[in-house]
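Across the two complexes that follow, chain A remains constant while its partner is chain B and subsequently chain C.
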Partner chain A sequence: MADADEAAIHSSSTPSTQEDTDLDDETQDFRILNNLTFARILTGTSLSDPSNASLPRRGEKDFEPNPTLHQADILSASRNAMHNALAHPRLHFPKARIIAVYSPDGPTPPPAPKNPEPSSQETGSETPARGPKKGTGIVIHPDACAYVINPKGQHFKSLGQADSWGRVWLLPEEALYLLERGTLDIRWPCSMTGEDGEGPSELPMSLQAAYTCFIGRDGLTVERFSVFSGLRRLGYVVSRAPGWYDSEEEVTGAVQARQWPSINGLFGKFWDWFYSSNSTATGPVAGLGIHRSYNDIFRKLAIIPWYDPVTPKPPQRTTPPFRVVYHIYKPSTTFKKTAPPPPDFRVAVINAQTQPTIPTLSQLGALLESTPLDPPRGEKMSRLLYMRLRHGYRNVVLAIVDHGVVSYLRMGDAAFGKERIYDKGGLNGPKKGGHLHPKGNGR
Partner chain B sequence: MNTTPTLPIPISYISGNYYIFSVDAATYLRREHHICGVLIGTLPLIPQQNVFLGMPLELMPEEARLLVEKGVACIVDEKKAHNDGIKSLLEEDRKRYIQDLESQGLHARRLQLQRQEQSREEALRKKEEKKAAKMKKSAEKQQQSPAAGDVAEENSIVDFFAHNQQKEQGSGSGSSSSRPSSIMVDEPYGITPTTSYPPLSEAFSDKLLPAPDVRSSYPLFAHLHSKGYFMSPGLRFGCQYMAYPGDPLRFHSHFLVSSVEWDEEIDLMDIVAGGRLGTGVKKGFLLGGAERKAEVSEAEGNESIRMFSIEWAGM
Partner chain C sequence: MASDPSSILPTASVAPAPSPKAESSRDNGRPARQPRPPKPNYKHIYRFPLPLSVHPLPPLIPHNPLSIVSVILSYMTFFISSPSHEVYSAYFDSNTSSVHVTDEKAVRALWEMGFFGKGNLSRSEPSWLEREKKRRGLLGGNTSEDLTSARRSERRGLKLERARTERKIIEERLKAEAAARANGAVPLDSSSPSLPPSENGATGNTTPSTEKFSLRKARQGKSLGSQHSEGQDQGYNASDSVSETKMINGGKTVRFSPVVQEKEFVSESTTLHLPDPSLNENDAGEEPSLKNEEHLQLSNEEAFFLVYGLGALQIFDDKRSTVIPAPSLFSLLRQHSYFPPRESPTALELDDPFIISYAVYHHFRSLGWIVRSGVKFGVDYLLYNRGPVFSHAEFAVVVIPSYDNPYWSETEERRDRSARKQARSWWWLHCVNRVQAQVKKSLVVCYVEVPPPLSDAQANAEHDVGALLAQYRVREISLRRWVPNRTRD
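Let's turn to the complex of A and B:
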């Protein structure tokens, strides 16, 4: 289970990558796109998801350049294909055009005296985005910086926040993502362009302007945006976590952790008392006395203290950047904007340039401590030892961004001490041998 | 496509990072200066995948600096440029620009409709061909020899039409006038432009920034680049840079590059790890840095670069 999830987050969206390398690991040949794009253009701008149709296989590459014309031709064909793919304009079909307005000063009420525009839009088809009741005074996120006048389409099921005037407010990353994928037409506000009147200007915001205005706004670094858009492209729903801001802390983890470890702790203390009655400092390590089974001896031999992730610990302060900034929901999870379910993954975003070293144990510990307890559950987990160890008792995903290249690492809080090998009469995991999967990180 | 944009190319500096937004500039830098950058944007053509990405192109500070030092590019403070530019945009410039966009949108709409028309015709033609093939089959079944020639002739006629159509496709705009069909040029497409220039004016003189600060690995980066290697960020492969012998579009990388200081002590474990990792992915692990020699002449600069390639040859 965890395997599949992790595979989904690590590999590209292609279900057909049997190779152990990701398609997006290396630059792909844009020529493969030609077939794809041409087909797309021919069928019109259908909004159906073309990625599941057929993503290209890995292109053939050469070892090194040689002075043949053949190679030069292929290269220039590749570059042309790349150029064409990049130069494809972001077009908005007149009837499906979704217009938003940039609001540099954050959420503002509509111009007071008259608001003919929103009301005329509301008489149109009802939108999935207008879920919350009108007039209930929903508090718009203070970082929202663009509002959509006519929200329609599937994207607003998981993006944006509707206000009581039927407008949907977007956070900077949401606005930028929608503009970048060619879904949204964001306009400069009249107040900035110096035009008469209120509301949207005729002037559309360019991609460049959108990056300029939205990146760097309210904690949205380009690294965070890359992770956001990369995961959204794969179909995940991504929402900001409380750790986004430097001041706030996510407390859910600490609260939940305090529930049942106490019993376990008592139990452990009882064991300790029962079995440490005679000291091991002198005499045999297993202690004196009558041993009726090997398990008793093994239990006595366990003299090295081990870490139990379940025991409650005083909440530590997480230090940025090792802090959960996104909650991720799998595409299969039904997501409701007003009442988001518990997230499937928690992601911390790290810029490899400003944080070139791996986290210290205390940084990582605090980060894991800030996530709720997620012990391995299910039939498969209870059967397979290594699955259990890999899953761990808490987990968090680190997204490490190196100049726009994102790598994901999953950190699990493994509890080796809880696995009593001797109780089970040997290993029954899927594979023998002692190493952990490189992606799991035992402590 | 093989155009040369006006130099120097403006590199947008936005909250700590360097970007190229113009597709022409990106293609040009790749072709002429072996600077690839990393595409980080969503490709509007196929937005639900991560294999092919689109504009903007994020540049490493090293790449930006190299271009500035070559005099090919300059760094523009994009926040300032936009804030000033949008406010000081003249009424008529704005109107003209919006009109331009509209006519582009109209053009795009026409092209689109034309393509749809073509695809419809193609589908019809294919249907016809299928029919013909069927008829041919049944005809062949009924009477072997005499009808065959006829059908072949018919097929050649179909081919002839196909050729004609291809020609029309090639001639582009000419065909639109020759087709009086149901193309209704009513509403133009809305366009989200990629860059902001125009409508903003490209007078950057007061928004220029100095060349970016770079890591101590810059000399090695610049040296490898000058030897014709294409460099890209390499953390994904556990190193600082990947060095490609040619355009990464067509070639696999040869080296995992890590930079060290001349007097820096290198952990043996790093060499083993790098060597094993590099050999594991069929690449060489390259360690290098600037050599500091007192007697190097001033003309050569104060540095020469030494590099070592490490391959795991373990038994």
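Let's turn to the complex of A and C:
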């Protein structure tokens, strides 16, 4: 379509509309990889060396092969760079080596004879049941399946749970994520390798073995792991939500106080009775008499019922996969492991292969119902109508994973019925709506 | 007397001086554009949101007895001579399943008060007559279609120019490479993988700056060239100066195929030349009998809203003899929402496409939105705040029926049917969403809950359109892509 085409060209020429182009969507230019010299990483000097601190520049794009050598050179350089990067050995840095032990049976207390000071703990080791308790009452997540003996570094601020022996227990996705980024060295336990003694053996777990052990364990699917690791790499803090297990029900949405059948509703019913007496049967709905104002006409026209997200409703059952699986915190949110703040986003993970259709209204409704009410607030929202409508009253993020490609969609309960734009006087001019970006050419 | 010429002269010599200065300064700032004709007063033309007239009561002020008198007076006048209610007429064409308005006055009224319908020979506002008059040289000014086509042809020219420049660059590079080879210089072995990474590493810096050519730059270059009026190759000049700014930006640049663009240009430019002057002169002779060949076409939802919702329209049947009452029009339009139209009114179902789409249309209209077809953007509706002449549509609405009522999942057959009717794939959703993002609109998925069949008591009142429509409930879900990179802080 010509208009859309023009709009696209238009937008690419104005820098303010750049936000709609996603860098991740572009074909990668691997030559930028050459700017990172791998030797330096090996020697341990930091990458952010000020003398060489420049962001890699993006290459240019040709849409057609042409017979010039120049183009062929660029292409082969790019290919070489990619091969170089792929051929580079991924190593653990000896300086910051963190060793973890795989614990296939879930959280267990340390073996009694090796425990240095069992007497100081009142619980001691006589409670070897699943999920041993710390003195302070922190329960280790029963799905945790690896523990770190010497936890140090940034990651443990937001990953893992410490038990009373100073060990940090990791969930499968956390362990796998850390292993894959080269931070963690997971050892097989002696009980599995057949070595003598207890605790860690000398045998490290390979990446392949880690995938085999952790994926599929306690509801961790590949889709969920790719969402976890993708968001984690971007700096978000990701934690499991109560909806992780298919059997469990979320109860967050039901906490709202019961309200009266709402005066509004009663009044509305009276209003309906008053107005709809007989004019809606054959029309005209607006009535035949003299109209006193346009607002009256619009009010009479409102005969189609609409969903109001604010009125309390009995909680519905969410159906997997349409339930919140992760709570996500922005990097700027201060996150405490012991007392996590309310999440910034709630994410449901969907495998587009097993669930090829978009949710039905009841599935989506139950999912939205399970999130707390988040009405549009703030000075900007109250001023900008369009922003209010886009924000909605409840919201949830769907992560649709299709063969490993994750696309996120934010769904909001818009409730257009709450904004009577005829009432707000359309005479304020077109600027009132809050155009965040200059429009394209589409009318 | 002697003082007179001296007093006049200086002023005369001074007076013309500033004007060229002003012109030149204006030229430097921007490429001079011819002044636009003044815009019509849209606020006045489109001041009525609906094709109904309102008669507000004078304000009632309790402590002012005169105001009471004026209120009573206005009631009296309405009682004695009630203002006539304007009802426009249209007809339903069953062959095309569409509603047409041919009366000139009705066409203008329906367009200006609420933006109903579309000119069948125009993009939206019926402007064929005006365009035709202009084409024959009877009128000045530009219609929006003219502006668009002018913009497009300008853009096409720029694209062609860009393609030409790019081809030139490629040719020159080829020539240079051939010369290098002839000179016996070290042949650039492109396939050898032994090139040290440090050399190909800094891509942008070592390679001869490849001139890129965007449309904006082309336009800049053009204005630059016209300013200096140099006899040089304009495009080359511009691209040189601009490639440096590009370096700083570091943004993405896209190179278009020179061949395809040109082909497109050639083929379209020939069609553009169609109205040739000789034809024009012939027409000028018989010009007085210029008849408006255009009519306003209302979508079925619009037509029913005007009839049933507002009572501002009456629709005649095919023979244009009798007016179709609203309930029969309702079932007629429902029959015609299938293709081929269903013959008997008994074959109607609760999820007829018309009833679903009308519920959404009526809902948004009753909230004050201007609702127009979104077929251009692959959606069902576009929502305008006050109307297309004031601002672009912000919301694009997709309608999906929803079968949540337990009735629809009682039997296997019903379950299959409803699953089939409400299923949409993720691919489809991503497609629609990406298109809307490209044209800067927000996507809204509008679910309509389909009620179970009416009980017998309700079925008796089948002709109660309002009761039927009140069974449908709409829910809007606003949807947009969430890009984690952008919401981090």
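Some notes on this structure:
Note that the second predicted complex is superposed on the first by the 294 of 443 C-alpha atoms of A that agree within 3 Å, B and C clash if a C-alpha of one lies under 4 Å from a C-alpha of the other, contacts with A are read in each partner's own complex, and residues count from 1 in each chain.
The rule is short, and it goes like this: a residue touches a chain if its C-beta (ideal position, glycine included) is under 8 Å from a C-beta of that chain, and two chains touch if they have at least 3 such contacts.
From a predicted model like this one, the values you see are computed outputs, not experimental measurements.
Applying the stated contact rule after C-alpha superposition, one finds that A:D413 touches chain C and leaves chain B untouched. Residue contacts after overlaying the shared chain place A:D73 against chain C, while chain B stays out of touching range.
By the touch criterion stated above, A:G404 is placed in contact with chain B alone, chain C being left untouched.
In the superposition on chain A, contact of A:L234 is made with both chain B and chain C. Touch criterion met: A:A352 reaches chain B and chain C at once.
Once the two complexes are laid over each other on the shared chain, residue contacts for A:M192 go to chain B alone; chain C is not touched. If you count the residues of chain A touched by chain B and by chain C, you find the higher number for C.
Of the two partner chains, chain B is the only one touched by A:Y211; chain C is not. By the touch criterion stated above, A:E64 is placed in contact with chain B and with chain C alike. Residues 12-13, 23-24, 26, 29, 61-64, 74, 80, 83, 230, 234-235, 352, 400, 402, 407 of chain A lie in contact with chain B in one complex and with chain C in the other.
Those residues of chain B that touch chain A in the complex are listed here as 1, 12, 14-17, 19, 21, 23, 26-27, 30-31, 36-52, 54-56, 58, 60, 78-79, 81-82, 86-87, 89, 91, 94, 97-98, 101, 104-105, 108, 112, 115-116, 118-119, 186-197, 199, 232-236, 245-254.
On the side of chain C, the complex with chain A involves touching residues 43, 48-50, 52-57, 78, 82-83, 85, 124, 151-152, 155, 170, 173-174, 177, 188, 190-191, 193, 195, 197-198, 200-204, 207-208, 210, 212, 214-216, 250-257, 307-312, 325-327, 359, 362-369, 376-377, 385-386, 388, 390-395, 400, 402-404, 422-426, 428-430, 433, 435, 437-442, 444, 447, 449, 461, 463-467, 469-470, 472-489. Across the complex, chain B is touched by residues 12-14, 23-30, 33, 36-37, 40-45, 49-51, 55-56, 61-65, 71, 74-75, 78-80, 82-83, 85-94, 97, 177, 179-186, 188, 192-195, 202-209, 211-213, 215-216, 221-222, 226, 229-230, 233-235, 352, 400, 402-405, 407 of chain A.
For chain A in complex with chain C, the touching residues are 1-4, 6-9, 11-13, 15, 17-24, 26, 29, 31-32, 34-35, 57-64, 66-70, 72-74, 76-77, 80-81, 83-84, 230-231, 234-236, 276, 279-288, 290-294, 297-298, 301-307, 330-332, 344-345, 352, 356-358, 360-362, 364-365, 385-386, 389-392, 397, 400, 402, 407-417, 419-423, 426-427, 429-430, 432-433, 435, 437-440, 442-443.
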